[in-house]
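Below, each structure is written out as structure tokens.
In the two complexes below, chain A is the common chain; its partner is chain B in one and chain C in the other.
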Partner chain A sequence: MTESPALVEHPTVEARAVSKWFGQKVAVSDLSCSFGPGITGLLGPNGAGKTTLLRMLTGLLGPSDGEVRIMGKDPRRSPEVYRHLALVPEEDAVYGFQTAREFVAYSAVLAGTDPRSAEEAIATVRLEDSADRPISGYSKGMRQRAKVAAALVGRPDLLVLDEPLNGTDPVQRAHLIDTFRTLAREGHTVIVSSHVLAEVERMSGRVLAMVDGKLAAAGDIAAIRRAMSHIPYRVRIETDLPRRMAAALVEIDSVAGVELDGETLHAETTDLEGLGRSIAGVAARLDARVSRFEPEDESLESVFRYLVRRR
Partner chain B sequence: MTDGGVVFDLGYRPHEGPRQGRMAVAWAVIRDGLRRVLGLRRRARRKVMPWGLISIALLPVLFFVAIGVVIGELAEDAELFGHAQYFDLTGAIALVFIALAGAELLVPDREHGTLAVYASRPLTTTDYLGARTAALAILVLGFLYIPHIVLYLGEAWVSSEGFGSYLGGHLDDLWQTAVASLAYFAAFAPIGMVVASVASRPAVAAGTLIGVVTISGPASAGLVDSGIDLGGLLALQHHPGVVKDWVMDANTHRWIPERAGMDPIVSLVVVGLVAAASAWFVLWRYRRLT
Partner chain C sequence: MTAFRAMIRWSLRHILGRKRLVGLGLFGLVPAVVMAVVGQTASDASLLKEFHAGPLLTVLFGVLPITTLVLGAAALGEERRDGTLSFLLLRPTSRTSIVGAKLASVWLGSFLIVGGSVGLAALVLGVRSGHWTPFGPVLLAMAISTLAYAAAALALGYLTGRAVLIGLAYLVILENGLALAIDGMATVSLMRIGLTAYWALLPDRTAAVAFSEINQLMASLAPGALGAAAKALVIAGLVVAGTAWLLRHRDVA
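Now for the complex of A and B:
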């Protein structure tokens, strides 16, 4: 067993005490982590340093301090490691004038594989119907899928995806998540960054959470969830009997406070699921109708800042 | 995917066959560069400039040779159609061609963010730049050299010596025009790559190269005419002409470096130094970018 949940026993990629600074700005600070077969979610708010870390992990950016190893080799000195790696960058990184089929076939050749394998990659991301249209006419989600296909076409052992689900619709998102899970199940190392907790939760058992260039949490989702359970969730509740509902809610132990805003209630709770279960009973007892029950504060930033403060 | 969901087997399998090496990947980048500059598989308007310039360089000599073949001789008093003289036409157009091609090869990769795509492949920065430069070299040398091949074959066709004898007896024309083409490429292309490596738009890169090289002539002439002979070194547009005349033993112009009393080897050295400095700069710039 390794000492830290940020490290795995048989790593494909390792970052050893890496730091990266740009002038006075420290983007990543003394961070050690490693990634092995399976999916690891790299989670953090915008500006946390995820992209910088991914660019260092893939050798696109040299660390200011520390070192990175892909399959035991320094990617900055061993271009052959790129035979095993594919990156889906956050930015568009496609030629608008090319069709997806041309772009993916070109990516296949760049990866040293047969351009005919483009068809399979295009089918994997379900882009067949639009594959012969110029990418410039694609929606954001379609561009994302074209980029993923271009990465998959090289059949990499290590797939690094920077916010790959940005702009995708729910159906596309579910399908891409299935694809990443399939790859992981087949023994590939898949690293996916996202600032959306729910996305990472759906695809990955292991998570590294970053804030301000530092590792804020690492391990499996459940463990991080437990770490986050101290933070009260703010929940928005809409009901036809808001005052009576507010009075009933404050009686529940896990509810830290209730605020009434017109017809809407804002409740703070440390047990979101428990409150969800309780509210049905409360509504039934009061003969009230609950038309909305949803967590308000889905921003991870506050959660991560909380984790950082605890360090 | 919820915990109760299903993961579909999409049939994706890791690649178990051989992978092409760096050379094959670099060749793919070269082919991409050729296609991109020539506007192949692009809209018609993207073909207008490259093919228009190629036509301007090639059609005059094609017509000249075609007419010569029909009437049985090439007009000897047509001054433009000497090998050394024809560079006066193609050399000037080559500057525009290089400006457009260099910009098209480098700028869109930064503009579209696709440098990361190359950087995350088994391709070093040097491989990438080498492949882009090779594409530019193939295009520019072809642009400059093919008209001379046409002229050479036309001369052989109408020659009283006989086709085969002419080809064998005038091989000097072939290597001299090849070296002269290389001089024009070496004089303009590296500066074009420098400009393209920093410009944010292809049109800006192309315009800057044409502007800088064109202005260097009058600026240099002004300095030389006012007695500053070292100003002749700045005549970027004229150095390849000097080298060309030197190699071809011709005297097509009173080039500014010659007016400054400079030996032709000075022009050759200037071209070489500018090319080396440009290559260093572009490599430095891209190593920082990637």
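Now for the complex of A and C:
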């Protein structure tokens, strides 16, 4: 058994005490983790170092310190590991003049796989109807699917996805998540980075959370959730009686603080659902109208920062 | 289709975008237009001299370097900037093969324009005066010079985003300046690699040697087609090996 929740017993890919700095800026700091068959979510706010870590794992960046191994080999010295690996980068790494069919077929030829696998991959991401249009005319979501299809040709053992759901609509998102889960069930190693906890939660049981280039938490999603339960949520409330509403809110036990900003209230609470239920009663009692009640921080950056401080 | 051929095919399509193809294609027509205009007034006997003084120099100092610089800088440089380089690097294909395919595409694309340009001018010369002898030699010579220039531009495009600007500075300072002023500098001139080949391959060179423009450009360089081809191949080999090494060791941001 491995001691750290960041490590798995039979890793496909490993990062051993890796650091990466660009001049004075440290992007990843002394990070050790490993990934095996199944889906692992790499979670963290923008700028946490996720993309840098993924690019090191795939050999596009060399670690400033430490080492990376894919199936026991250094990817920067052994290009043959790319027979087993595919990356879907965050940026639009596509040729706009190609059609999706040409792009995916090109990927199949470069990967040395059967060109027929291109058609299969296009069907998997449900891009058949648009596959003969130039990619330059695609929406963000369609480009994402074209990139995923190009990565899926040859069914690689290791699939690395950097924010793969960006720009996709809910239907496409659900379908891509199903695709990744199917691959994981078939024994492929799938690493998915995201800054949205809910996305990772739908895909993966195992999560590595990164903040400021460091590993903030690792383990199953329930453990990460538990670690987050003490952190106050910040909520924006818009009402026609802000001062009276503020005075009433501070009486509620789960409300840690209230701030008045013009006509808008900002409340901090450890029980978001409870506050949601209470606010209706408070509004009725004050005869106030609440036009907006929403969590302010959906990026979860504050949650990640909390996790880092906790280490 | 093999990976190498597929890379050449798509790289050619990438570097020869519609705007680039039209722009460089029109530029490539200039030498033929010059030859046609000169042909209206010059005597048949002097047309070969006019071909060397006008269209050939326009290709050597304009069409050849600018075409290869624009296409060479785009081949790896744009892939690096657009993020598509990772698409190629994350495949089980050797870095040498990637750079080799890129060089082949830049060479083919450039020669399509440079060869077309000088070939058309030589065709006008032949039709107008019956001097057909420069046609083959000038195409072969441009193929050799294009290879040397394409290799240099490819490496420059990968290393810097200002490859075209640096290339133009090289053109003005070295090719047009130092190589003319200092005799020894002609040996490091990429453009003169093709010129030495052309001069060696031209059958009626004895009569043509009197053309002062070519003599001045050649300086003390000896004509020689095999030597020129060897020089271009060595430059291409060094660029492929060096750039492949950089692709293996340099970070891809």
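Simple rule for what comes next: the second predicted complex is superposed on the first by the 249 of 311 C-alpha atoms of A that agree within 3 Å, B and C clash if a C-alpha of one lies under 4 Å from a C-alpha of the other, contacts with A are read in each partner's own complex, and residues count from 1 in each chain.
The rule is short, and it goes like this: a contact is a pair of C-beta atoms (placed from the backbone, for glycine too) under 8 Å apart; a residue touches a chain by one contact, two chains touch by 3 or more.
Every value quoted in this text rests on a predicted model; they were computed, and no experiment measured them.
Once chain A is used to superpose the two complexes, chain B occupies space that clashes with chain C.
Looking at the superposed arrangement, the partner reaching more residues of chain A, out of chain B and chain C, is B.
When both complexes are overlaid on chain A, the residue A:K50 reaches neither chain B nor chain C.
In the superposed model, A:I177 makes contact with chain B only, not with chain C.
Within the superposed three-chain model, A:K214 lies out of touch with both chain B and chain C [touch as defined at top]. Once the two complexes are overlaid on the shared chain, A:Y82 sits against chain B and chain C alike. Within the superposed three-chain model, A:R143 lies out of touch with both chain B and chain C [touch as defined at top]. In the superposed model, A:E186 makes contact with chain B only, not with chain C. In the overlay built on the shared chain, the residue A:H195 is in contact with neither chain B nor chain C. Taken together, the two complexes place residues 58-60, 79-80, 82-83, 85-87, 89, 91-95, 97, 106-107, 109-112, 150 of chain A in contact with chain B and also with chain C. The part of chain B that touches chain A in the complex is made up of residues 1-2, 7-15, 17, 19-22, 24-25, 28-29, 32, 41-43, 46, 108, 112-114, 116-124, 127, 290. The touching residues of chain C, when paired with chain A in their complex, are 1-3, 6-7, 10, 13-14, 17, 82-84, 86-95, 248-249, 251-253.
Within the complex formed with chain C, the residues of chain A that make contact are 55, 58-62, 76, 79-80, 82-83, 85-87, 89, 91-95, 97-98, 106-107, 109-112, 150. Within the complex formed with chain B, the chain A residues making contact are 58-60, 79-80, 82-83, 85-87, 89, 91-97, 102, 106-107, 109-114, 117, 120, 124, 150, 152, 154-155, 157, 174, 177-179, 181-183, 185-188, 202-203.
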